[in-house]
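Common to both upcoming complexes is chain A, partnered first by chain B, then by chain C.
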Partner chain A sequence: MQRLILMRLFYGVITLVIVSMIVFILSRLTGDPAALMLPLDATEEARINMTHVLGLDKPLYEQYWIFLSSAVRGDLGKSIRFREQVGTLYMQRLPNTLKLAGAAVFFVLIVSIPLGCFTALKKDSFADYGSRGFVSVGLAMPSFWFGLVLMQVFAVWLRWVDAAGMSTPKHYILPAVTLGLGMAAGMTRILRSGMIDVLDSEFIKMLRIKGLPERKVTFRHALRNAFIPPLTILGQYTAIILGGAVVVEVIFTWPGVGRLSYEAIMSRDFPVIQAVVLINGAILLFANLLVDILYAYIDPRIRSSV
Partner chain B sequence: MSEVVSEINTLRSATRSSGQIALEIKDLKTYLYTRWGVVKAVDGVSLSLRDGECLGLVGESGCGKTMFGLSLMRLLPRPAGRIVGGEVLFNGEDIVKKSEAEMREIRGRQISMVLQDPMTALDPIFSVGRQLTETITISSDLKGPALLERAVELLRMVRIPAPAERLAAFPFQMSGGMRQRVVGAIALAQEPRILIADEPTTSLDVTTQANYLRLLKSLQERLNLTLIFITHDFGIVARVCHRVGVMYAGKLVELGDVEDIFDNPRHPYTKCLIDSVPKLDKRVTRLATITGQPPTLHDLPPGCSFRPRCTEAGTHCRPDQYPDPAMVGDRHYVRCWLYQ
Partner chain C sequence: MVRFFVSRGVPIGLAFVLAVIVYRAIRVGFDSIGLPAVGWLIVLIVYLVGRVGFGNFFRVVKRAPKLPTLIIVAFILTAILADKITGSPYDQNIPNRLQPPGLMETLKTAVREQRFELNENWLGTDALGRDVLTRLVHGARVTLTVTIAAIMLGQGIGLTLGITSGYFGGWYDKVVMRIVDGAMSIPGIFLALLLAVVLGPSFQTVIIAIGLLLWSRFVRTLRAETMKVKEAEFVKLARVAGCSNWWIIRRHIFPNLVNLWAVLVSLEVGVTVIVEATLGFLGAGVPPPTPSWGSLISDGRQYVTSAWWLSFFPGMAILLVVLSVNLFGDWLRDVLDPQMRQRAT
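For the complex of A and B:
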């Protein structure tokens, strides 16, 4: 187990270094940061001066080394737009994204687990057909459109919730549902087919033979077995949301990481974009590691094979 | 191997079928409603079992043996399987009419079953100990050390070495033979009166098979179990069972004491099955095989379903009707036109 974690961390660091290189090179390709930071009518001399101040006249490998070593120390540079440390900026936004992600994952779980289980138990019933409809629609619906529809209906017409802001728990409902819909649909589908497979297996029959109550057969045994495959997907989805649900955060003016990246891209704020990409990479890797640990926790076969 | 066989043989004669009636099955019909038609998996089977008796149920693949066993547990594949007729009397009550909640009281505690494939009959993500204790607590209030002690005792009963250490093991860490023993321990954990063993040895190697049979046999005697032993191997039946029923296409075509059936098989199908048993004393014998395929169990014509493959078929075989059971000896009946 410890070996698995160490191995994963090792590979994770290598992956992050590669990601940082790509980010570094790409951001050099998009243009001269010095030109962006200066007024349009700046002199050539001022530009050279600025280039020197920013260290852009140094060889590329040296620039990369400076970038990497300060990134490791937590210094990701200064935002061009906000004139503030990128790290500080990011940390201001992260809690908001975390809260939204938590709400969305909660929504996903409370929808997909009961729906996946129930429809697997009542295969080919009306509820099953209904749920399959929900799954298709949920997977097909683009979130920008769904979010706008929800906003129109529940905020504008019915006035049940406010369209923007995050001051009360009620504000979480629309963005979390928008964000979670596709995920909930996907999870429901995978859980349903997983449950159907597991419920058909011999060991479930054996549990019934020994007279175990159906509730325990379903939840203690079938669900735990069926939950192994969707776990990966849940982990990835969560990581993606944590990286910033750009569309949803923009629609609902949610001051999270996604909105930060949107703003950074719109104003060509390269240090921020670089930092967000790097941190998202790290989050994704960490989420995958977490899923692996959870896997090993649920499935003894994996625990012993590593 | 042959030592084992002779030991089993002596074991077999040790108990005789003289107890109370444990289970009485009358004209049981189990149909499967599939997309391709109605499969008459069990079609009018009648028999009764006494306490401590071992009945062998033999027949080719697909003749409905497993469906017969599952019918007694009322655990037919859903939604296709249904018991459409007949009675299964247990303690004077008809199991067929019981509610699902009442059945749960019977399953495991009164009637239990060991499934065909030991490799998949255990939950892969629960330890053996957990699966055992879970079973024990279904019908008892044992807790803590006493519960664990009972689990160890069960593992010891199925002769698993170092049982206390084995509690923490997971199914994938055990061999097929071990797993089958664990499944046996689980099936017997609540001390049922009747055990249905559905081909419990098919996936095991010969030595493991013999060991398992010996174990099953000794447990049957110690616990005075009524055993329904499902197999397609007449050889095993001869070694373990008191009585044997021969199934063909959902029907019980011959039923009698093992000695009677072996010495004097009446149904042409039974004769074929007995001829196909490898003789242990004569090393090299060609196995006789039955020509033709067993029929698929839907849309069967009304007459005897073995007729197309039967070597003794003739004008006496009426095509419009299935032959009724005819007594051909003491507790020995056969369904064949030859004896009508």
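For the complex of A and C:
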């Protein structure tokens, strides 16, 4: 188990270095940051001076080394737009994204677990067809459009919730549903097929013969066994949301990490872009590691095999 | 000789001609490709029928999901023949701006006044008085072109790297897999946005951005399958017989991957359509005034309270096309690669 974790961490660090290289090269291609930072009527001298101050006149590999070594020490540089430390900027936005992610994951779980279990138990029933329809539509839904439709219907016409803002729990409903729809659909599909396989197995029949109540068979035994593939997906989803649900945060003007990165890309604020991608990579890596450990917790066979 | 030409030459030729058609569509303009594209489709169908046999072809096609197939065919034909079906998507008519959908008005007069009157502008007009239906039909061209080109690019890179890294293994495989991990840990839409901004908004940019988002997904699966096929007895025998690596990959590995590859392509089409629309929506897609479904939705966003039809119909179109493509892909997966159902999870 420890060896597995160490191995994963080692690979993860290499992956992060590669990610940092990709992003470094990409963001240096976006144009001259010195020109962006200066006013439009700046002199040529001021531009050269600025280039020197920012260290942009050094060779590319040296710039990369400076970026990487300061990133390791926790210094991710200053935002060009906000003239503020990127770390602080990120930390200001992160709680908002965390709250949204929590709401979305909650929505995904309350939709997909009952739906997945129920439709697996009542296979080929009317409800099963309905849920399959939900899954297909949910997976095909363009989230930016779905968000607009929800806003129009529930905020403008029915006035049940507010379209923007984030002060009350009511504000979380629309973004969370928009963000969670596709994920809930994916989870339901995987959970359903997993549950069908498990419910068909010998030990479930054994438990039923033993006279265990159907509720216990479903939730304590079948669900627990069918939950591994969905857990992987859920881990990936959570990491993706934490990395910034760019589209949803832009539509609902949610001041989270996703909107920060969108604004950074649009205004070519490359220290922010680099930082966000690096931190995202680290989060994704950590989430995958966590999922692997959770596997071992749920399934003793994995625990003993490693 | 004839056999060789039919089995190898035709698919390669078809792919090449498709690339040329897409290139012309982007460079010269869409109106120039109507006839070649239709010809290409006919050749493709004739080839497929000839390849699997008349009876087999229709037996399989008959089992295809009907509505999704119909929608896909309609989508492709509208995209190819857009300028023959409707007028120009740029024709403005300012006095006639923000008209509600004509079909709805027709329905209203029919119900209220028991009078049937077919109105102009079936799906309404936008802020410059341009017909929404026309722009929607022409937007299908952008979607189709970007989808074909981006998938050709993405699967090309993915197939090459996947087969070679799975086949040769060693440090090359390790390097490729680390890069794939790296590419996969950057959120797709983020990477596409970044690329779109770096390269500047254009048709080519969108294609490259989406292609570079797709390739890593292909590498993983194809590499795993290559490693499995590589262990098979016939590959070892081929090596004993003195076949070169290139020959083994071409004649023994690739034919065993074709089905999986086709399924992967069909499953990524939906993703591509949505990403293209999302880029258009976020302002990093094909630059205006070319209508694309994503930018139509974002244009309609500011009128959403007064003119809902501007954003509603493009969104509906995306939903329908992606839904059909996904259902069709699921069916194709069941036909070509029944084990994949388990493998996907």
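In this section, the second predicted complex is superposed on the first by the 306 of 306 C-alpha atoms of A that agree within 3 Å, B and C clash if a C-alpha of one lies under 4 Å from a C-alpha of the other, contacts with A are read in each partner's own complex, and residues count from 1 in each chain.
Please note the rule applied: contacts are C-beta pairs under 8 Å (C-beta built on N, C-alpha and C of every residue); 3 or more make two chains touch, one makes a residue touch a chain.
Please read these numbers as outputs of a predicted model, since none were measured by experiment.
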| item | value |
| --- | --- |
| Superposed partners chain B and chain C on chain A - clash or fit | fit |
| Which of chain B and chain C A:L179 touches, first, second, both or neither | neither |
| Contacts of A:P142 with chain B and chain C, given as first, second, both or neither | second |
| Partner chain(s) touched by A:G281 [first = chain B, second = chain C, both, neither] | second |
| Partner chain in contact with A:I190 - chain B first, chain C second, else both or neither | second |
| First (chain B), second (chain C), both or neither touched by A:A104 | neither |
| Which superposed partner A:C117 touches (first chain B, second chain C, both, neither) | neither |
| Which superposed partner A:L289 touches (first chain B, second chain C, both, neither) | neither |
| Chain B versus chain C as contact partner of A:I273, first or second or both or neither | second |
| More chain A residues in contact [chain B versus chain C] | C |
| CA minimum distance (chain B, chain C), superposed complexes, angstrom | 18 |
| Complex interface listing, chain C residues touching chain A | 178-179, 181-183, 185-187, 189-190, 193-195, 197-198, 270, 274, 277-278, 281-283, 294, 297, 301, 304-305, 308, 311-312, 314-315, 318-319, 322-323, 326-327, 341, 345 |
| Chain C-facing residues of chain A, complex | 11, 14-16, 18-19, 21-23, 26-27, 29-30, 136-137, 139-146, 148-149, 151-152, 156, 190, 193-194, 229, 240, 243-244, 246-247, 250, 261-262, 265-266, 268, 273, 277, 280-281, 284-285 |
| Chain B - residues contacting chain A, complex | 73, 75, 104-109, 112-113, 115-117, 120-127, 134-135, 138-139, 170, 172-173, 183, 186-187, 189-190 |
| Of all residues in chain A, those that touch chain B in their complex | 201-203, 205-213, 216, 221, 224-225, 298-301, 304 |
